[in-house]
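Look for chain A in each of the two complexes below; its partner is chain B in the first and chain C in the second.
The block that comes next holds the complex of A and B.
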């Protein structure tokens, strides 16, 4: 009975965690579709959580802190795109190395301002309900709902608005989009900002569940790329399914075994996918 | 003719390093030994990045494995210096083969990203499973001394370490130069210049990239093994971090990727630079990050690359005039 309870709780955690992962990795997929191999994506998630922590600590309102973190990280993203990546565009290997350098910058800025000790944000709601004799916090269900709403909104934005059409056109064929009069350069900046904002939302939403730490960005980068490669690079649907799959896998295996083994299992899944379907499960 | 100048310069440089040893104080002896050993790491990385055009952000795996295998050999099996180093290098080669075997399946830049994934998960494993490298605390060990004709050669003696570092540096450099100048090295360069054409001409590009990754991993393992056996006598999970993977990237970039001597010069400059700033600035890794960005944006050719282009342009102008 306890075992079943653990599996159910692990499964629930997995769904919540998978939806948060989906927010972050879909942000990454958007950035990757512009040929920007951004290995500092996890750092945007981490810096979002850190900014959220300070804003919520100062203001006392969770949701306002979330918005502040989102807009600040979007601005940081724009700065990176304009200031660093734009100067070396069309040379992905240099972009890759530059974003690798950004990892060190973000990690140590966080270490200087936030410190090395892990800290948690208080959840905006403390209610819980009981399931199989365990108390399950209502906040997590709420996070899952918010993630679904954001993902739906993103879908409508990308597939039902003119701006979304522009984004899809510019990432599919840059020169052709430019010839059609789409402001591709501006679109790229806004898309990068959107991807960064999604990562930071994931960061703030997850920080009442898992503690914020300066080193968590790199772990997220690793997880996000595992998901992107499993799902098929460039496929939004694949990314979403990959995120839920890995979230579920890590949720259940951390509940039954331990987090290190859970990460190993994700790696093994990646290796199996690389051997069987090197282009990912849902590649175009 | 130019080749001969290179060799004369190389012999003079080695002779100078060998002769100045007695005049250096304790810290400079350690620094020079470190630079010599780290250069092996950078040279290996240059074969992959500079000559094949393939990136790896996970070279800490091989450096850390080299150091850890030497530690485990000395601690549990009390194996001698040379045996441990040979075993450590073979283990690193094996690990590079295994990781490269999986990573090579994705195209282009995702190769580098797979190396990050592997390196971070191996770091997580070494951090939590203390039997590998002692976790965050690590462990120290003693390398058994050699007894030759009544003399004792202790690897905990700094002068011995200095000359052994120099010896291995020279051997590795000759091997590295031999690889680059060989037909194999020329094919690697052709992959860097135009992968599609190299494959159309009939070269097995995947296989060549994989062997280049394995060779470069082997150099990394040797460097880590020598570092643990001669300098630190210590290993820990921290040798597997992204900061260690970043080292050969910045060394090679500063010195000049794809130039023979560039990585060695880059290593020398950066090790001295970090030695001096780390005493005053605590978060010096942030500076390393900024430096990586500045170098890649402003001068991706590095010091040697820029010098070579400068001289080439100058001689061309003189020929025209």
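The block that comes next holds the complex of A and C.
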């Protein structure tokens, strides 16, 4: 019974955690679809969490803090796109180096302002429910629902609006899009801002679960890239499936096995997926 | 989706791999005198200004990376100690110069390079070392090779056992000592049926190993050993493995993993008592975590709050480091001290002063005499030694100090019991004097 409960909790949590990871990663997918290998994506997630922490600490309102973090990081994203990336947009190696540089900038700004010790944002709800003898926090379910809503909204935005069409056109063939009169530069700036804002939302929403630390961005960058590569670069559906796959693999295998072995198995499965589908599950 | 400049998947992965390897690196990360009964002197009056060739003390600290909080406070403590020593006439009449801090970035390879830099380029006489056990282990052979005394603060047991040498002295506690100090008390007072959750690397594994032995000695049971991968973010898969029928959980986590662990523990409705060594929570502000940390037991190596050790020496030490009675930085109250760690480097400066003046040390040529003086040294609580009495064991160069069992009450660490240093002594595993 206990084992069944652990597997059920592992499975449920795998989906929930996968959706939270998808929320954090989806912004990277958008940015990568513009051929911008932004390795500082995790730092946008971290900066979002830090700004959210300060805003919530000052104002005392979780949701207002979330909005402040989202808009502030969107502005930072616009600044990065216009001020750093626009001038080197045709050179991926320079973009990689520049975004690596941004990692250090963001980390040290956070170290100076936030400090080196981890902190936590209080969850806006603390209720839980019982399943197979295990408690499970309602907040996680709530965050997972937000992820679903955001992902659905993003899908509708990209595939059912003119602006979404422009984004897709600009990322598929930039010259052609310009020739058709699409304001490609503005599209790229807004898309980058949107990706940054999504990262910050992920940062704030996950902070009551995993705590905030100035160095947390790098680990998330690595995980986000794994998810994107498994799912297929540029694919929203791939990002969602990749994130849930990772969440499930860890959730269920950790319930059954020693966690270290579970981690090895989940990585082996991911390698097998890549061997079978070298361009990812849903590459374009 | 491909743009005008085509970045191939292979180019992209190559770039990410190179960059990631640069950044991730190997990150991550767990007394003084032969005459034992010497009475401490009162705070000395100002003496003559020190003169002559400065004694150079290097700092190899984590100023950035996962353990940056430690470096911040170590730096403050060393500066405070050296200011005090210099204002009181220096060491053997010579001024003391602080070289550093050299930032290890919390990476073993960088830490070892910084050790070499301090010794070979900056020509320091002594190195006050990292809290990162991997860095300490990598630096110990360098200390021996270049005849430089090294004072690490990493907690891995092996630093003063198989991985140490005669040039390495540790004034701070370590995992086995902590288990010896706390083990009997927690097993007699908290419970006999435990689960152990630990970060899955040397430090956490040591806690699992030594506490399991202690539980077995007491006829208790460890119902679950739960390793947590270092890069785990969501801890539900691990915390859910804690059986409901255990009386208590011993957890050995660090930094954000501690908050994640405590959050998840609460979220999953776990109710067994919690115990940890303070390393899990040092530098972390416990007051905002009241809802998840209240009531748990912790072993402190020096009380965070002044109330737990209100002596004139501790008051002087805290004032010099800019710490308020609650263990917060004056002027920046969100910054909480690593109170169980930073005292060690403060005291090491005074330990060196005592040993140098007793041994007649003038340069590294006299290091053997200095080593022999440090071996088996004892100090009593007093100026320069606010933490209390200490005994530096001759065989393995591990110091034994008193510790405190504290409980979180209303979000604050409240000392419940002082554990004398004698309770933490275990047989030495090695004898450097015979090697």
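Everything that follows uses one rule, which is that the second predicted complex is superposed on the first by the 264 of 284 C-alpha atoms of A that agree within 3 Å, B and C clash if a C-alpha of one lies under 4 Å from a C-alpha of the other, contacts with A are read in each partner's own complex, and residues count from 1 in each chain.
The working rule: contacts are C-beta pairs under 8 Å (C-beta built on N, C-alpha and C of every residue); 3 or more make two chains touch, one makes a residue touch a chain.
What you see is a predicted model; the values in this text were computed from it and never measured.
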- Query: Clash or fit: what happens to chain B and chain C when chain A is overlaid?
  - Reply: clash
- Query: Regarding the shared-chain residue A:6, is it in contact with chain B (first), chain C (second), both, or neither?
  - Reply: second
- Query: Between chain B (first) and chain C (second), which does A:270 come into contact with in this model arrangement: first, second, both, or neither?
  - Reply: first
- Task: Scan A:111 for contacts with chain B and chain C and give back first, second, both or neither.
- Result: both
- Task: For A:39, select first, second, both or neither according to whether it touches chain B, chain C, the two together, or no partner.
- Result: both
- Mind working out whether A:212 is in touch with chain B, chain C, both or neither, as first, second, both or neither? second
- A:93 contacts which: chain B (first), chain C (second), both, neither? both
- Applying the touch criterion given at the start, work out whether A:237 contacts chain B, chain C, both or neither, answering first, second, both or neither. neither
- Note on the structure: Across chain A, the partner (chain B or chain C) reaching more residues is C
- Task: Answer with first, second, both or neither: which of chain B and chain C does A:174 touch in the superposed model?
- Result: second
- Looking only at the overlay on chain A, choose which of 41-49, 203-211 or 239-247 in chain B hits chain C. 239-247
- Item | Doubly contacted residues of chain A, that is, touched by chain B and again by chain C | 37, 39, 92-93, 96, 100, 103, 107-108, 111, 218-219, 221-222, 225, 229, 233, 258, 260, 263, 278
- Item | chain A-touching residues of chain C, taken from the complex the two chains share | 1-7, 9, 11-13, 15-16, 19-20, 22-24, 64-72, 200, 226-229, 231-238, 240-241, 243-244, 255-256, 258-260, 263-264, 267-269, 283-285, 288-289, 291, 334-336
- Complex contacts: residues of chain A adjacent to chain C: 2, 6, 9-10, 13, 17, 20, 33-35, 37, 39, 89-93, 96, 100, 103, 107-108, 111, 115-120, 122, 126, 128, 130, 133-137, 139-140, 168, 171-175, 208-216, 218-223, 225, 229, 233-234, 247, 250-251, 254-255, 258-260, 262-263, 278-279, 284
- Interface with chain B, chain A side, in the complex: residues 37, 39, 84, 87-88, 92-94, 96-98, 100-105, 107-109, 111-112, 218-219, 221-222, 225-226, 229, 233, 258, 260, 263-264, 267, 270-271, 274-275, 278
- Task: Could you please specify the touching residues of chain B with respect to chain A in the complex?
- Result: 53, 55, 57, 102-103, 105-106, 108-110, 112-114, 116-118, 120-121, 124-125, 128-129, 242-243, 246, 249, 253, 283, 285-286, 288-293, 296-297, 300
